[in-house]
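Each of the next two complexes has subunit A plus one more chain, namely subunit B in the first and subunit C in the second.
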Partner chain A sequence: MSAATAPVDSGRVALAGLLGSSARRNAWILGLLGFLALLLVFTKLIQPNYGVPGIQGLAISVLPLALAAVAQAIVVISGGIDLSIGSMMALISVVSATLMAGQSEQFDVAVVVGVLVLGLLLGAVNGGLAVVTRVPDIVVTLAMSFVWAGCALLVADSPGGGAAQWLKDLVTGSIGNEWIPKPAVVLVAVVALIWIPVRRSRLGLSIYGVGSDRLAAFRSGVSVGRTRILAYALMGLFAALAGLSLTASTGIGTPVPGPYTLMSVAAIVLGGVSLAGGRGGVFGPIVAVMILQIIRTDMTFLDVDTNLATVLQGLILIGVVMIGSIVQIRRARG
Partner chain B sequence: MKHSGIVRAIATLTTVVVVAAACSSSAATQAASQPASAAPTSAAAPSSSAAAPSAPAKTYTIGYSNGGGVGNGFREEQLCTARAEALSSGQVSKITVTSRNTDAAGQLQDIRDLIAKGVNAIVFNPNDPAALNPALVEAQAAGIKTVSVDAYVTDPNTYNLYNNQVKYAYLGATWLFKQLNGTGTVYYMRGIAGNPADDDRDIGFKQALAENPGIKVVPAAGVATGWDPPTATKLANEFIASGQYDTIQGIWTSGIDSEVVDAIKAAGKPYVPIVGTDRGSFIKQLLDPVGYPGLKGVAVTNTAAVGGAGVNLALKLLNGTTVTPTAGAKPNTVLLDPIAVDNLTDAGKAQLKGWLAVTLPDPSWPLGITIDGWTTYTPAQAVPPAGCKGPGE
Partner chain C sequence: MTLTTTGLLLEATGISKTYGAVVALKCASLAVRPGEVHALMGANGAGKSTLVKILTGAVRPDGGTIAVHGRPRTVHSPAEARRSGLVSIYQEPALVPDLDIRSNLRLTETPLEPFRHWLHELGLEDLDLSSIARRVPLASLRIIDLARALAIEPDVLMLDEMTAALPANLTERVLEVIGRQRGGDRSVIFISHRMIEIAAVCDRATVLREGETVGVVDVTEGSEERIVELMLGEGVVDMPTAAERRAAAARASGATARLTARDLSSGTKLSDVSFDLYPGEVLGVVALEGQGQDELFDILAGSQRPSGGELLVDGAPVSFHHPADAIRAGLVYVPADRAEALLMQRSVRENIALPFTARIRRWGLINAGDEHRKVDRAIATLQIDTRAHGEVRRLSGGNQQKVTIARWVAGGVRTMLCFDPTRGIDIRTKNQIYVLLRDLAEAGAAVLFYTSELKEVQLVCDRAIVIFGGRVVAEIGAANADEAALLHAAYNLRSGALMPEQIVAEATAVEAAVVVPADPPAARPTGPEADR
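Now for the complex of A and B:
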């Protein structure tokens, strides 16, 4: 019997330890969720009729930014950073809108698949250049942001094109219960279908490994270059989804990049992804995007001067990140 | 953690950029987003009584969404006139303004926020003719009136109110061709290729051209100044240096005018008749026979008070007042007619002088800040820092 109890006990200890560490690891995300809940309550207080339309508006405005944040999170976890996400989204948006304009719904399915593959390729190009040239990622992707933005303008020099009705329907309205907006379902589905399997696979492990310590990962037999390129390709895929969501929500393609690159960096920092790589996930950044969007909405509800609102957004961001850093430093010491 | 320094730098940089974005006045959009021109449709009439609120004591809330050109005088003046009209109408309890440089998706969010806020009407300067339609339909479903200003949207239930750019070009070009007695060559300086206002102006210019078969245009398709003053200066200098200026008899500009006049002056060439708009710098040149001897020109108005006029239109819709769309325009569209004033007569000079009487915060603000029949505020109410305030601000 004693032989049996020992492993059970040690198992219990291990389980408790695991729970403890996972709670610690998720403390930041739990904090974010708490903050989000507080913000929602606050929003309801200042705007008593905030309800279904508000939530739906939030969901659709969150979608492109959340997908961009997921894209950024993956590449940052792998130890890189991509400053061309906004330009890629613009390129995908114009390519899809230009090809879909006036075409049949069936053809548009092929277009969607095509631009997703294009996104994978664009990402792989960024990653490949960074790996092969050994130029820092930040420089390569900043340079590529001009390349992709220029390509977008070559495809269409002014906003235009069209989008399939089914694509537009995919991001408007709700499904089942009116409190469940379709864009939110799309976001959850896309992340669950693509990121979760990758995260659990060998590739996922390699991405985290390469991000936290390239040399150690290399010595453990991980192909560093290949992993980084694949992480960038995944980023490209999510950036393409983000670009498609822009086309879906507006019904057109816009060649000039929106403010998505910097917002994606802001969202992952707030979402608990370490810019040094190897740590964090994609859930935190998504919650962070929701927080950033609600703050803007609240500013409108409160009639805060519109220029001041942007200043406050930045200050809130740096404030939250500073608190987060202090918590992390304390934990590291303790 | 050898990266931590870089990491901290990037985090700080990101935040700084977000803050800086708010604080900067976005020079890039400034040049590109609007026909750089200014504007009284009917001069700086101190205040008009035509649309004065009399009966309705109801108070409405208005949302105003601007999706670009933050810091550009033309757009800032729109916002100020909207606030001033809301205040002066006496029917608005609150005007909520959202204004930032964003894309169509960002403006969709701003409009949806205003819907969630429960305003009675949304006036907006659209980033795209079609992309905002989903939110506009949602607004109408919530019983909110929607008015697009400065450009049209394709949503059939939204009212549009903007300057008649076809007529803008037609008036100036007709004046110019008349100065040349119907024969001669004209240098054609346009705005931004592909911009809807530029397209409309090209139509108006071509209409006037068709009525004057003796006029030749160089270059045939026009040159694009991008409504950017340095670009216009460069183009004018090159045009003069190449000797082409000596072969033309007139210049049509799409609003970047005083720069061209200054380039001619700097080259010591005699002036040819020139078409410009109601920017302070150009009007001052037209009224300065000592500094610019022999300069003949016309200023065609392009008002930025469409913001205030949009609020006025929204209130008319809320009160059930009939709004008659302009005949021949797109459906549900009110076009504001420009006027052309030259410096050839004393009456014209007096009118130009009147425009200069309003003190504006900077030279990029269009001079005409009110529109007869469409705005009810005094110029002072629309000019910061004392003015430019909505109800309760």
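Now for the complex of A and C:
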């Protein structure tokens, strides 16, 4: 089992620094990691032959949702929320699959770069609309979720297209040790390369500042509107990565949004991000996504009815968050 | 740093700002010389904070010019003002609550070493820079704010009520540090309600009244008198006397007080506040901002529990755990901020009916007929303009405030707690509210009335208590409660307990000069009809 959590550990080392010295925030994540370990042990107990294929399956199914959760976490930390992540992923997925179908590998590299830039733009449009029109974020992004979903269907009205082989290879199999699945490495690398530098920069501070207290941030010299738009643009970038990972793992583009929007909200809440903004990080949500996914897998192993499993997943979410906040309140008092 | 011929570090002229119908500033000016500590004085609502916010770019002025070092400047944001050398400490701390102190310093690009130096100077050596701002006590946050501002060596540092939330020892350190800024080439603009602090550190004072600069005074011994005069203006003449009031009779006749506070305390904000509120009277509460009046009203309205003391209603001790308890005991609350009291998206009718539907309900159903009648009566009594009855938020501020009062009047009110109910509303509605409060008192209700407009005390109240630093420092009968007397009391210039002797002596001399001609106290008949 220890080897199974190896990618998690390396992630923690990388991310522990960015989470700063806040013992409380780390305590929540440590609790989540403990819960994740328990779940893995439990999985091994009910399914003794759970091993490398299981971990690989977990990693590949976690990747899109984990990237979506990171995207959502960034926006929520900045004091907003984005309900169009799922639609954005669908749009990016079909755009990339359509463009890559039957093209050369070199062209496909350009496509990948292009759709990432497109993601940044889609996010910036969401953020820009929320800032300029002053319509609440939740309304703007809900509306935009229809816009992006419609655009996705305009690009391709049925699943299709293709993906470069190198892109597909990027998220299948393992690297070095067979216990280290490639999707997990990709996830850690992407987050470490994009989020950690941002978090350490003035922009990162501003994102937390604006989400925590807009007035105080404004008075500290932060440009509130610009920070919010940049947070949405970052969200768009991660949503694009999530969309690309869909294309990469399935080999085609699907124009219909998956359940990613609401799952990303669930994951960040479980991951310790305050919906009021300003608190939390991106590592907690990633662990939360793994937890949600393993619970799902375990239900299958236990032969629980799929619909009942969905009900139980919801109840477990409420239970965990409730226990977490009770513990935090106790700690704050003590 | 080349100074032009004017030799002024900062010059603001003709600054104006209106918020909707409310004029916050009209033609305010301020000139600050290098190396001086300059006091900005004025009664509540005179426009001090607005002026500071304009100077630091947090608020855009409607008109006027600002020059720094003789060069005209327009500042659009706090960041820009900071670059021009203008930094302000606001009344509320400007630290981001969820970031630790170190990150907050990075956010404002504050150099760490000078920050530590000033922190040390200000007596806060043992601060852990990795603590989250949310968990740092308020007083320390103010000190951090100040150290952060000093560390970037601003040309003009503005302190808006910096000392209001500080304990005495920290206040002393702050004043000492500010005092040492004198004589250099930097300046400080200092806003405080405490006259003694002004006298201790300031060179000159600019006085604002109703959004206008009415004078600049050199701060020397005895200049407090001149400052108070300027704050009041020439209008210190006879107000219509309140001599006809009759509530005193009820007290004299030994009636039970409707509401009695005994040694009420709330943390450090409120200590040992005692008073009696009798049926048939309007008792004024006067205080400068942040003297504990907010806590007092929160306790009386049941939204906060006192840390000490007791509360009696009709002579029986009560303890409120929830506003519903206070309402059940007949204590109803009218806040200054209408948004706190009203359901903005609902109709006038629903808003008025809300607090008392519980009482006219039978077998779980609301008695619609009864509700209708009571609400109609309340609307008529208060002359609420119901053309926009669909949603309360469409009403004017004055009409909204009338709805907050009407909801209690409709149910029959025994004790009304009004916290600055006329703030930001037009003069006509103000007068209607005065009349209404008097009528309520005549009908036997007891009204506690906090106001930031001192002249309202004589218009509405039978007597007033003055709170300073969380304590009741004076009780003044309506006949003597002109603005000068109230302001002196509110600045605690009359009480000997907390002030050095010479200032007290001066203050008493001023009082003697100003108070006496106001109204002969003898002319206060106790009408026979007042007996109940």
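We adopt the following convention: the second predicted complex is superposed on the first by the 309 of 334 C-alpha atoms of A that agree within 3 Å, B and C clash if a C-alpha of one lies under 4 Å from a C-alpha of the other, contacts with A are read in each partner's own complex, and residues count from 1 in each chain.
One rule holds in what follows: contacts are C-beta pairs under 8 Å (C-beta built on N, C-alpha and C of every residue); 3 or more make two chains touch, one makes a residue touch a chain.
What you are looking at is a predicted structure, and each value in this text was computed from that prediction instead of being measured.
Because the two structures share subunit A, they can be overlaid on it, and in that overlay subunit B and subunit C fit beside each other without clashing. In the superposition on chain A, A:Leu205 makes contact with subunit C only, while subunit B stays out of contact range. In the superposition on chain A, contact is made by A:Thr254 with subunit B only, not with subunit C. Of the two partner chains placed by the overlay, only subunit C lies in contact with A:Arg279; subunit B stays clear of it. Of the two partner chains placed by superposition, A:Gly225 touches none, neither subunit B nor subunit C. When subunit A is checked against subunit B and against subunit C, the one touching more of its residues turns out to be B. Closest C-alpha contact of subunit B with subunit C, superposed model: 11 Å. Note: no residue of subunit A belongs to the subunit B contact set and to the subunit C contact set alike, using the contact criterion stated above. Those residues of subunit A that touch subunit C in the shared complex are 20-22, 202, 205-206, 208-209, 211-213, 215-223, 278-279. Partner subunit B is touched in their complex by these residues of subunit A: 47, 49-50, 53-54, 57, 60-61, 64, 81, 138, 157-159, 168, 172, 246, 249-252, 254, 256, 258-259, 262, 265-266, 269, 274-277, 293, 296-297, 300-301, 303, 306-311, 313-315, 317-318, 321. Of all residues in subunit C, those touching subunit A in their complex are 58, 77-79, 82, 90, 92-100, 103-104, 106-109, 130, 132.
Within the complex formed with subunit A, the residues of subunit B that make contact are 1, 3-4, 6-7, 10-12, 14-19, 21-23, 70, 94, 96-106, 108-110, 112-118, 127-128, 130-135, 138, 142, 194-195.
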